[in-house]
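Consider the two complexes below, in which subunit A is the common component and subunit B and subunit C are the respective partners.
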Partner chain A sequence: MAAYLVRRALISVLVLVLISIGIFWLFRLAPGDPVEMMLPPQNRGPGSEVFIAAKRAELGLDKPIWVQYFTWLGNAVSGDLGFSMDSGRSVGDLLGERVGPTVYLMGLSLLLSVLIAVPLGLLAAVRKGKLADYAASVVSLGAVCTPPFFLGILGIYIFSLKLGLLPSAGMSTPGEYSVGDSLSHLVMPLVILGFAGSGALTRYVRSSVIAELHSDYVRTAEAKGVSATGVVTKHVLRNALIPVITIIALSLPGLLAGAVVIETVFAWPGMGQLAIAAFNGRDYPVIIGFALFFSIMVLVSNLIADLLYTLVDPRVSLR
Partner chain B sequence: MTESMAAGAAELSAEARPALRSPGKMALRRFLRHKLAIAGVVVLLLVIVTTVFAPLLTSFDPTRVDLSQVRQPPSGEHLLGTDGSGRDVFARLLYAGRVSLLVGVFSALLAVGIGTILGAIAGILGGWVDSLVMRAADVFLSFPVLVVMIVIAGILGPSVTTMVIAIGVFTWPGAGRVVRGVTLSLREREFVQAAQAFGARTRWLVVHHVLPAVLGQVVVVATLAVATGILLEASLSFLGLGVQPPQPSWGNMLTDAQRLTVISQMPWLWIPPGVAVAITVLSVNFVGDGLRDALDPRETS
Partner chain C sequence: MNRSVRPARWVAAALVAAGLVAGCAGPQTDTGADAKEGGSVSIVLYQKPKLFSPLEPAHGPDQQVMSLIYQSLMYPNPDLKLENVLAEKVDVNDDATEFTFHLRKGLKWSDGKPFSSADVLFTHQALANPKSTSPATGSYKDVVGAKDVADGKADTVSGMTAPDENTFVVKTTGPNYGILAQIAIAMILPEHVLGDKPLDQLAKDPFFSNPTVGLGPFQFVKYEVDQYVELKKNPHFPKPVGLDKVFLKPVTADVATAQLGTGEMDIAPVAPSDRETLESFGSLNFVESKEGGFVRVGLNLTQERFKNVKVRQGLLTGIDRKAIIDSALPGVGKARNSSFDPATSGDDIDTYDYDKDKAKQLLTEGGWDFNQTIKLAWIAGSNPDRDAAAIAIESQLKEIGVKVELQQVDAGWTTEALKGPSFDMFMFGGGNYAVDPWNVYAIEACETQFPNGGNTVRFCDPDLDAKMKEANATADPDKRAALYKEAAKMDNEQVPYLWLYSPGGLWAVNKKLQNYKPLTPTGGGFYKAEDWRLAS
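Right, the complex of A and B next:
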């Protein structure tokens, strides 16, 4: 098993290197030479050519492209992601302070998704073809088909503007820190993100439970007199959740994509909002820092999924 | 549309199981029994007709600014009111539908095209090619298009073409896996082995044996990919990463609704495009489910 995981980790590192080459290549494609941008054409005089050449040498832009790549990669690996063109702050610091709010929102909404999807999927599978099944599929299809940002705007319209029950933006009211206040800020982003994530998950739980319901051990358990509820909760659910756990780990990157949208709608001070602000301001160092951070997160989620898959299911044999 | 798909299904299974009714007619019957799928087809046709014939349904130009008609509530003249620049929202909604549907269709075609080719090659050749393609599929699948587009659009600038390509390139694994699965089982069949024994090349095998066999399932995957494409277009354009104003799309019509005054004072600006996306995507999904039941009767989910 160790050999398997080491191999998977090595593949991930290889993929990360490929991605970093891709990001670097994109970065080089970006319009505008950084030095040219420092010195607008109208400010150029006779000595400008010399200055530009000197500045390019100073920044290493005159070196071969692969030397530039390794310099950039070396800096990135040692945590030096450059400085934001907008605020002048270190990209590492900027990303660092945004991770907390995003992880908080994502973690809780993932929990909510699971709390919706497992009972709903189980119910739909056990009552397959009956009213409860159709009701569950209407709910999950609704979650899959409605754009989450539209639900967010609708939520703001109803609960913030018409009813005045919930705040529409941010994590807390400035200058007023209380548990109730931060909870009221959390409710709408959490519920919408959790609901959006539950759609696909409900379908997985349902089909996974249906697949297990036909297993031999179910018949055995029934034959020895285990009650129907007992069979489902003690035997079927435990086995059915094995593939679902992997799916959950694999869905983490997608959840972050959902968080980007919801953070924008609710002005939640997380990674997504930072990324969109960086996009709007064409703040290249922040965009690239976000891309690298996100790529690492994706590959780590994939590794976690592999690891869970092997840990949870003793039947899986590893090559 | 349905008939030609059903006809495709007829070709692929005609020799497999002789029946009193032709398989194509049976598939059509199964599809027609699916009430939600029929409803989906009707709604979808309605959406397509209204967007295609938009110039006949409204006399307003969706991009024409009229500062004397700013922020009008819905009325007889402006069915869904006007936006902050005095543009007619109903006209924008119809023309936006064209863009959103086209993005959905083209990104789905691209995704399914890449996925079918790579999946078929992986399935036929097997070995390291198969491992490589499936590993790549895992990687592509784990990167959400939205995040990829933040990076691409952030560096290269947003455009509709970039968006369609990004959606296609990052959603191909869905079709790829389906096609690979069918191809793997096909490879064990005698007629394929016979063709291989006669020296058939990979290309010939893919065109003559794999593609006809996977057609039904690919159509289902493609339909669902259209739904994904429309949803992604909405999210991307909403964030400013996709279709750029003044060209309207269902996603970017909601961009203005990030301001509280717009949300509260002018619901006619943001409710119609949001509902349009939800209804269209729901219909496409229903049609996809109906097609799955019709074309792939083995898998009754």
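Right, the complex of A and C next:
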């Protein structure tokens, strides 16, 4: 196991380096010069070229791209991801500020998705072809088919504008922070994201449980007199969750990367918004920092998925 | 007015929605007679702020925040005329080569330290020096000694001095009245806080992320990332500030609209098409703001096909600008017929009214090849009126036989396309040509062709340049106005741009807020925020 982890760690470092090279070059191929974009055409004047040259020098963009890459890599190894071209702030700070709100919202929404999907998928599978199955299908397919932004706008219209029950956006009321206030801001984005995420998960749970229900061990357990509830909860569910765990683990990086649309609709200060703003402004250090963060999450999540296999299925061993 | 959402208010809102209460308010004219001191308001920022620094390129949301925490020698008022702020009086000599700013006395920074001409001199020296990487350096190129600094022969610009603690003087190498509007609006920085920083490190100073020392009516408290900027009243502002706090929140237009309804937002620029919905809330007043810039289609004049003036006049005549305004900007948009502000050009210019037959005739006389296709590029999705205008232009020009292909681009595209120049037609907006007509020089003169200036279309008419220079060389307001009027007529005949419209601005303001006067549609900042009061 230890050898396996070391091997995986070394491979991950190599993959990260390759990803950083790819991202570094790829984003520089995109049209648009970040320094020129700072100065809209109508604001150009006689000193603009001097400003642009000075800024390029200050940001190191006047050097060959391979020099820029190795400079960046050297700093990154020591934990310095550089500074945003846009705001001049440290990329590490920018990412760090948003990790908290992102984990807060996305982690809870994932939990909510699981809390909706597991019982609903289980119910649909056990009652396959019956009213409960159809009802669960309507709910889960509805969650898959309804765009979260639509639910967001609808939610704001109904619960904020018409009923006045919930605040429409943000993480808290400016200047009036309290736990209750913070929770009331969380409700709408959390429920919408949790509901949206539960759709596909419900379908996975349902099909996985149905597949397990036809297994030999189920028949054996039933023959030995285990109750129907016991068979499902003690035997079927555990095996059925193996593929579901993979799905959840692989969706973790996406969750940490943020839900751009919901973040935008609810003015939630998450990673997704940062990434979009950085790309629009060709803010290379932030884009690369974000991509690297995302890559690390993918690698870590894959590792978590593999490790969880061994926990839920003793037949799997990592060597 | 930030507060929790209360159901009781929503009963009222529902009643309003049901049509029991209706009516639109005219421009806000409350005098504040029944107003109280204290309270807070929330204002929309149409994008996220970056850095609160006058040394950085202008960014609308930053400007909005800075206009509340800093002050400048002069600033445009809602009528887009320069008004004294920190300057009590400004003297300009007859040939517009010497500008003397007499500063208001007894002012203090928000930390209680006295304000003086040393602060003004420090700020302008920093802005004028390329070492500070300020994009405004070019505005000082005509100041005596600026070239020596640019060439590295001197450390400070000799033409800017502070002979006493209440006077700041700028001398230019030649007549240049327009420099007043370019440099007097710079936000003044505290010399006692930043004066000892090396100039090449000044722009990076952490102060600009947390600028707690300023001269404005409000003092910076914090920027809660991506959520809101919090300001509190400046205790040392020379007159009482009406509100305790101001919050500026970067939210989308949809969220802003919803929050205007819930009471979570008090001030927001809104689309004219949303006015009816917003009026139904019953809690808002609507105020229009003047617009110093305009939306235009720039033709790539390095292309032979656009060089004939009749072609440009024909294309302009073939666009039904009134129809575009009526559908996209009802009530606030105004058709434009010159790069010069209507107050400068007067009415005695060609209005290029929509006329398909005349457009075709002009194009034919100009040798237009009706078989060719031109691409119309614009940054889609950021301004609904421009999206509507692009579609309308394509269809209207098609009616006169001109084939247009729409090209949606992002901001990154512009840097390459404008530099080339590799575009055919590019629709964009912005600028402020009302504060001083000299600002037109930057977008139309031969010597300001991109990248030396904002003349992205590469227009060049030496006669027009000479006329603008002549106007800029006199301090006599009547003489200047007459000369600029002549320049505007020349500009109107030459059609350097296909002028579309001045979008104007419409602001929705909570009825409880008094004395709010909008200053340009969005990123121009705020006007006399110290006078804002909440109704008691």
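Note that the second predicted complex is superposed on the first by the 256 of 319 C-alpha atoms of A that agree within 3 Å, B and C clash if a C-alpha of one lies under 4 Å from a C-alpha of the other, contacts with A are read in each partner's own complex, and residues count from 1 in each chain.
What we mean here is this: a residue touches a chain if its C-beta (ideal position, glycine included) is under 8 Å from a C-beta of that chain, and two chains touch if they have at least 3 such contacts.
All of these numbers come straight from a predicted model, not from anything done at the bench.
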{"item": "Subunit B versus subunit C as contact partner of A:141, first or second or both or neither", "value": "first"}
{"item": "Contacts of A:87 with subunit B and subunit C, given as first, second, both or neither", "value": "second"}
{"item": "Subunit B versus subunit C as contact partner of A:264, first or second or both or neither", "value": "both"}
{"item": "Partner chain(s) touched by A:280 [first = subunit B, second = subunit C, both, neither]", "value": "both"}
{"item": "Contacts of A:168 with subunit B and subunit C, given as first, second, both or neither", "value": "both"}
{"item": "Touching partner for A:228 - first (subunit B), second (subunit C), both, neither", "value": "neither"}
{"item": "Partner chain in contact with A:301 - subunit B first, subunit C second, else both or neither", "value": "first"}
{"item": "First (subunit B), second (subunit C), both or neither touched by A:15", "value": "first"}
{"item": "First (subunit B), second (subunit C), both or neither touched by A:153", "value": "both"}
{"item": "Subunit A positions touched by subunit B in one structure and by subunit C in the second", "value": "30-31, 153, 156-157, 160-162, 168, 264-265, 280, 282"}
{"item": "Contact set on subunit C toward subunit A in their complex", "value": "2-7, 9-10, 13-14, 17, 40, 42, 48, 50-51, 56-58, 130, 133-141, 150, 203-204, 208-209, 224-228, 230, 245, 247, 249-252, 254-255, 258-259, 261-262, 264, 293, 410-416, 418-419, 428, 430-431, 442-443, 448, 450-454, 456"}
{"item": "Subunit B-touching residues of subunit A, taken from the complex the two chains share", "value": "11, 15, 23, 26-27, 29-31, 141-142, 144-150, 153-154, 156-157, 160-162, 168, 207, 210, 250, 253-254, 256-257, 260-261, 264-265, 275-276, 278-280, 282, 284, 287-288, 290-291, 294-295, 298-299, 301-302"}
{"item": "Contact footprint of subunit A on subunit B as seen in their complex", "value": "135, 138-139, 142-147, 150-157, 227, 231, 234-235, 238-241, 251, 254, 257-258, 260, 263-264, 267, 270-271, 274, 277-278, 281-282, 285, 301"}
{"item": "Residue numbers on subunit A that touch subunit C, as the complex places them", "value": "30-33, 36-52, 54-55, 58, 86-89, 97-98, 153, 156-157, 160-176, 181, 264-269, 273-274, 277, 280-282"}
